[in-house]
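Shared between the two complexes below is subunit A, which has subunit B as its partner in the first and subunit C in the second.
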Partner chain A sequence: MLKRKSISNPWLNTPLVCGALVIGLLLSSTLIGNIFWDTELAATRSAPLNLPPYGFENMRKQEGVIEHPLGTTNSGRDMLAVMLVGTPATMSIGLIAAGIGMLIGIILGFTSGFYGGLWDDFVRLMADTTTTIPALAVLIVVQSLFRVEVNTMAAMIALFAWPGPTRYIRAQVLTMRESGYVKMAKLSGAPERDIMFKEMLPNLIPYLAASFIGNTSGAILTAIGLEVLGLGPTRMPTLGVTIFFSLEAAAILRDMWWWWGLPTLTLILIFMGLLMINVGLDEVSNPRLRKASK
Partner chain B sequence: MGGLTLQYALRRFGIFLMTVWLASSVIFIIPRLAPGDPIQSMISRMSESAGYVENSEKIVEGFKERFGLNDPMYVQYGRYIGGLVSLDLGVSLAMFPTPVKEIVGRALPWSIGLMSISLVLYFFIGNLFGALLSWKKTPFFAKIAISASMIFTSIPGILCALILIYLFAFNFDIFPFTGSYERGLEPAWTIEFFSSVIYYGTLPALSVVLVTFGFWTIGMRGMMVTVEGEDYMTFGQAKGLKPFYLLYRYQVRNAILPQITALAFTIGTIVAGQILVEAAFAYRGMGSVIVNAIKDVDYTVIQGTSFILILITATSVLILDLIYPLIDPRITFQKN
Partner chain C sequence: MFKKLALVALSIAAIAVSGVQAGGHSKARNKTVVFDIDGGKVAQPYNFNNLVPGTTRSNGIHQAVFEPLFILNYETGGIDPWLGESFTSNSSLDVWTLKLKKGIKWSDGEDLDADDVVYTIQMLLDDSTQSLRDAASMQQWVKSVNKQDKHTVVFNLTEPNARFQLDYFSVKIYGGVIIIPEHVWKGQDPFTFKFYDKEKGWPLGSGAYTLKSASETEFIYDRNDNWWGVSQGLPLPAPERLIWAVTATEENRSMLAAKGELDSVMDVTLGAFEAMQARNDNMQAWFSELPFSWLDPCARQLSINTQAEPWDDPAMRWALNYIIDREEIVRVAYEGTTIPSMTLFVHYGGLFPYIDAVVAAGMGMRLNASPHIAQKIIESKGWTKGSDGFYQKGGKTLEFVIKTHEGFIEKRRITDVVVEQFLDAGIKAEHRPIAGATWDNDRYTGNFMGSMDWHSCGSINEPYASLNRFTAKYLKPVGTTSPGGNNYVRWDTAKSKEFTQIVDKMGAMPLNAPGMVDMVVDAYRLWYEELPFIPITQARKLIPFDTTYWTGWPTAENNYNHPATWWQSTHQIIHNLKPAK
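This part shows the complex of A and B:
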């Protein structure tokens, strides 16, 4: 029993597989849906107003129609089209922001840990400071003036996503710097860039993956926050923007559960999927957890 | 005084000042990087939503004069920072002569009240559950129930709030949809008013607590497992201490310390999350102030509330950082 466990591939643990399945299914189904469903219907006035999903009745006793299987909103958006457009848009905000944050983190973390000195002090101070700044508070001010679109919003969120990876990488680089194989590489005259990215970086991959996923869900969370306050992108019905419009129109009171409920449910699935992936990746990078979990 | 050295306190305070200064500078600079200015864009936003604004040129000039936007940048920046230091946040644009300080001041007690009550609740519940999860005497079904309740941890508070509103306000009609206390009641130190505040605050607090406690449950469980292997635990057992006494006095007391550091790290996210929950419930806190300011394109109020949010977060972190060495004298904070 114990033997089999130690042989089995750590990347194939249950939470990681489940989480990847949830996110994978969600993404692939929306992408496939984008091929077969007319996403132009996500625009306003492209469908009858306030229809419930097919097979349900709304408060005015209207029945749902098969042309709009997930119902419509009060401005005549087809909910299926909204979900097909909004889900990938929301996911991409998270992925872009986490990607940029990770890139900054790798550069700053490696350089400050490797070279030390004044630059290290500066990076550490900036990281300590930035973690404390609530991203939402700053972005509310910026967004209330400019109303940037999806990609710029992601880039701005990334400005708050780098301290985590930076700190961790720096700490790891400090210990790795003293290890035998790095000293060996230095002695054999390998260029510093190769030492950092060919010798040290591969050790950090499981952690970096976990941190990337954590940052993705953090960035989505910040984006949702802005969107629900009414500061989302104006031209893209992301999931948060859809929730904002539904709250504006008192969708809960009018029992239009499909309008606020579908994006909410999708977001919950996204967050749970990402959390599961994260737990799974933790097990990969920290073998002690593997024993503790089962 | 344990591990609280002057040097440590000074460094923490320095980081606190840096944080507030950096964040408020970003708030100042970014809007000025773009072409046009805040007032101009506010007026154009106004005319977008309200149609043609008469004499908009004159209004813009008047506002510019009033808010000193014609001065050179460094003068504006100096005035801005000076204003923040004396907590003068300017004047609301939408409710014109009302100072922003007054609007924020009215909302702040509600936000801080909700924040402190839910903080006590989720910290207590989370650590209790974490301790129970790792305790051998906890009944099996309780462990299953606790593990199942952790599902909430991954959900943002705002989504949890929507679901709670749907279930308990709309479907079962047990709790009110929105507000902080019954309409028509005058805020006063009476039992009636207090019970109303508690009744209206239940769902907002529940939304914050439900999505947050699991974080401490996970952390606590990990710490409890670590502490369990310590020699003094074995010694306590050998002495024949009662299991509960051993759990509480020996294990929990040691395991709970790192949890306070974790609190300092997450407080920013929790504050931001609570703002959204307040917005969903139209609770009288900072969340509603922000929502209304965004609707009215009230730029000074948005800026002021954001600054206060940054200040609250940074102050909470500072307090936690300073408390920590007092609680755990073993920790000596070395310079590096």
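This part shows the complex of A and C:
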């Protein structure tokens, strides 16, 4: 019996590669599309109304045209442009919110876990309190009163995205600070900042990556929840806002499948991609999972 | 994460299927009429004190419970009696005498008589804040109100007014002054009283229906078989139950209508109506073929806060007007189902002599845009285009934010197009849809730059009502509420005062008196030169009805009145309905 290669690169596991491919393809195609297609066509009155994708017919027997290959909406938005603008916008909400949340989590989690004491009590209390606030409800109120744009919306979502990473990182730091290499570093007089971010942080990278991806999905979900209620940017729509517009205009009843179908499909791909990356990163950070799957 | 995914999927599904499930109610479907409510969830579902701004009355309460005194018939041009029998003036138009029908009772059995009318009007006259609905207009016109006998009320006016009955007591637009029961309201604070107590039978009205239940999304009314009309020989309406339901998106409303779960749908787009008809043969609208729609009396307009820089300058407002391409708005936002506004008036027959005169005097609105003229105006004010393509002056970008009610699709769609037109011309325009109550408050208190609305709504068969809304007497400083929602654009210049003088003179003349056309042209010129708001389009309403369970809906052929089911005139529609099977 041949002995399995004992050292394989854990980062090259199937779910991680597939997920990265899906997300990479989505991102690169939209980025390339942004170069070659006029994304201003995503604005209202940029194209003839209600056209189907090229090669199809709409309810009124109008045929699609090559100038608008993915069809148009009832306000004359070009669907290809909408997808090219909406996909990165939707993903960027997730990345920004998760990025800010993660950054706050790392700072608070490390300092509270490492130093303990009153600061730790305070951070824990804040994190526990924030967890109990219904983020979606707060965001709905804020959005209906003030209607903020995409980046501010991401920042607002981030306000509720930090307690998760903070609590987990704190727990990990509490364990790690008792380990031999940390004690050794302390004894050898290394500055506390270096101990936290040069000695301890690298050990958490696979976990942090998985957590970041999970948070990204969560933030996108929150944003979609807001947008499908109509509480998103209106001029250059994200995927959720596009679904809202299509529902509002009875697109399903009018057989305008390209209007609601394309953003829905893209969202499915985004979530599947992120989920696979998450599963893959789990395997990286947890060797037992890796063995179980072999 | 899966939990979150499932939660969001569930909430999306809930939104998609929210609204009516008429089959689930205990009454048989063929004894129930289901209407929809647009504009989203009702903010204060348990507050039936409709004197207070911010409360909703088109949730069935003023269509089925609070009866009007008279109803303007848009088709005949006459005024149909309802609770009132007659409302006549003396020859000098400053004393009006209301005669109520005999035998009218509140649904608790108490008489509805002259005492209730006097009590209602006196309460409005006593409101020093002028914030109660209709308080400002009653205080403008009524010097005193007296009971002559049990069924007769005499109004002494501050000055002659030929439109007193028409404007305030005849459901000219949306609703008239609501008469309230003195025996319930006496001793209550009209600003805080909610007029809701199930055990006491509140809200109390005189209509053929009483409230059974209320919630943010649904209002149910059951027929009161002891309705006062029966004792006077009038037939009870056929429907035993009426439901008003918040039906959310056009998709949802159209689906429900296509499945026969909604009998009356508020305004929808042409595409949705065509899709509905393709699935439900019994769907009908005002006309049986294109354009299907009925013309709503509230033409759409862009209101501009004339106190907000740099739009306080009439020339800058004119620049906006030059940028607006009305034909494009009609083509994109309405998918071709309406027409551009020529003046600030609605295109009804009685107003055409005035519309024609204004247009002949060279003051008709342009259909297409002339952005080059706009740019010249803007540049003459010292603005120069920056590298980002937007005008700038002293480090400030030329911005224009338009607020809309997030629940009103039509107004949002117009705004989307207008914003693109402004952006193309170098103005950094932004569309900000906000919650309805906030939007109302912002407009009335002057906390806005632009608002897409119907502020000039008022004139139907004579020109005074719309013009009067912009007179200087309604001016309030920014931060305080505009009385009666009038002149919230806060037009306050020498020309507005001159305008006010002419319009006030018109108010003292009989309807459509000789010389009125010339006065309208004179007043209109002052308004036109300063353009405190910009007329955009006529508001066509495509209002579908389902005849599967109920027939007798108003149409161009069966035109006993107009089809606006969110107005107080809906009492007439309900009394005309007949079971289909």
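Quick notes on this structure:
Here, the second predicted complex is superposed on the first by the 287 of 294 C-alpha atoms of A that agree within 3 Å, B and C clash if a C-alpha of one lies under 4 Å from a C-alpha of the other, contacts with A are read in each partner's own complex, and residues count from 1 in each chain.
Throughout what follows, a residue touches a chain if its C-beta (ideal position, glycine included) is under 8 Å from a C-beta of that chain, and two chains touch if they have at least 3 such contacts.
This is a predicted model, so every value here is computed, not measured.
With the C-alpha superposition on subunit A as described, subunit C and subunit B clash in the combined arrangement. Judged by the touch definition given at the top, the superposed model places A:F271 against both subunit B and subunit C.
By the touch criterion defined above, A:G230 reaches both subunit B and subunit C. In the superposed model, A:G76 lies in contact with subunit C only, and not with subunit B.
Of the two partner chains placed by superposition, only subunit C is touched by A:T44; subunit B is not. Of the two partner chains, subunit C is the only one that A:A249 touches; subunit B does not reach it.
When the shared chain is aligned, no partner comes close enough to touch A:T14: not subunit B, not subunit C.
Judged by the touch definition given at the top, the superposed model places A:T132 against subunit B, while subunit C stays out of reach. Applying the stated contact rule after C-alpha superposition, one finds that A:S179 touches neither subunit B nor subunit C. In the superposition on chain A, contact is made by A:W257 with subunit B only, not with subunit C.
The superposed model places subunit C right into subunit B at 278-286; the other stretches listed in 26-34, 278-286 or 314-322 stay free of clashes. In the superposition on chain A, the residues of subunit A contacted by subunit B and by subunit C overlap at 144-146, 217-218, 221, 224-225, 228-230, 247, 252-253, 255, 271, 275. Residues 1, 4-5, 8, 11-12, 15-16, 249-255, 258, 268-269, 271-272, 274-276, 278-279, 328, 332-333, 335, 406, 409, 412-413, 416-417, 419-420, 430-435, 438 of subunit C are the ones that touch subunit A when the two sit in their complex.
Here subunit A touches subunit B in the complex through residues 125, 128-138, 140-142, 144-146, 217-218, 221-222, 224-225, 228-231, 243, 247, 252-253, 255, 257, 260-261, 264, 267-268, 271-272, 274-275, 292, going by the rule given at the top. Remark: subunit B residues 15-16, 18-19, 22-23, 26-27, 30-31, 34, 38, 41, 151, 153-156, 158-159, 162-163, 165-166, 169-170, 177, 225, 265, 268-269, 271-273, 275-276, 279-280, 290-291, 293-295, 297, 299, 302-303, 305-307, 309-310, 313-314, 317 touch subunit A in the complex. Against subunit C, in their complex, subunit A makes its touches with residues 43-45, 49-50, 59-60, 74-76, 144-147, 214, 217-218, 221, 224-225, 228-230, 234-235, 244, 246-255, 271, 275, 278.
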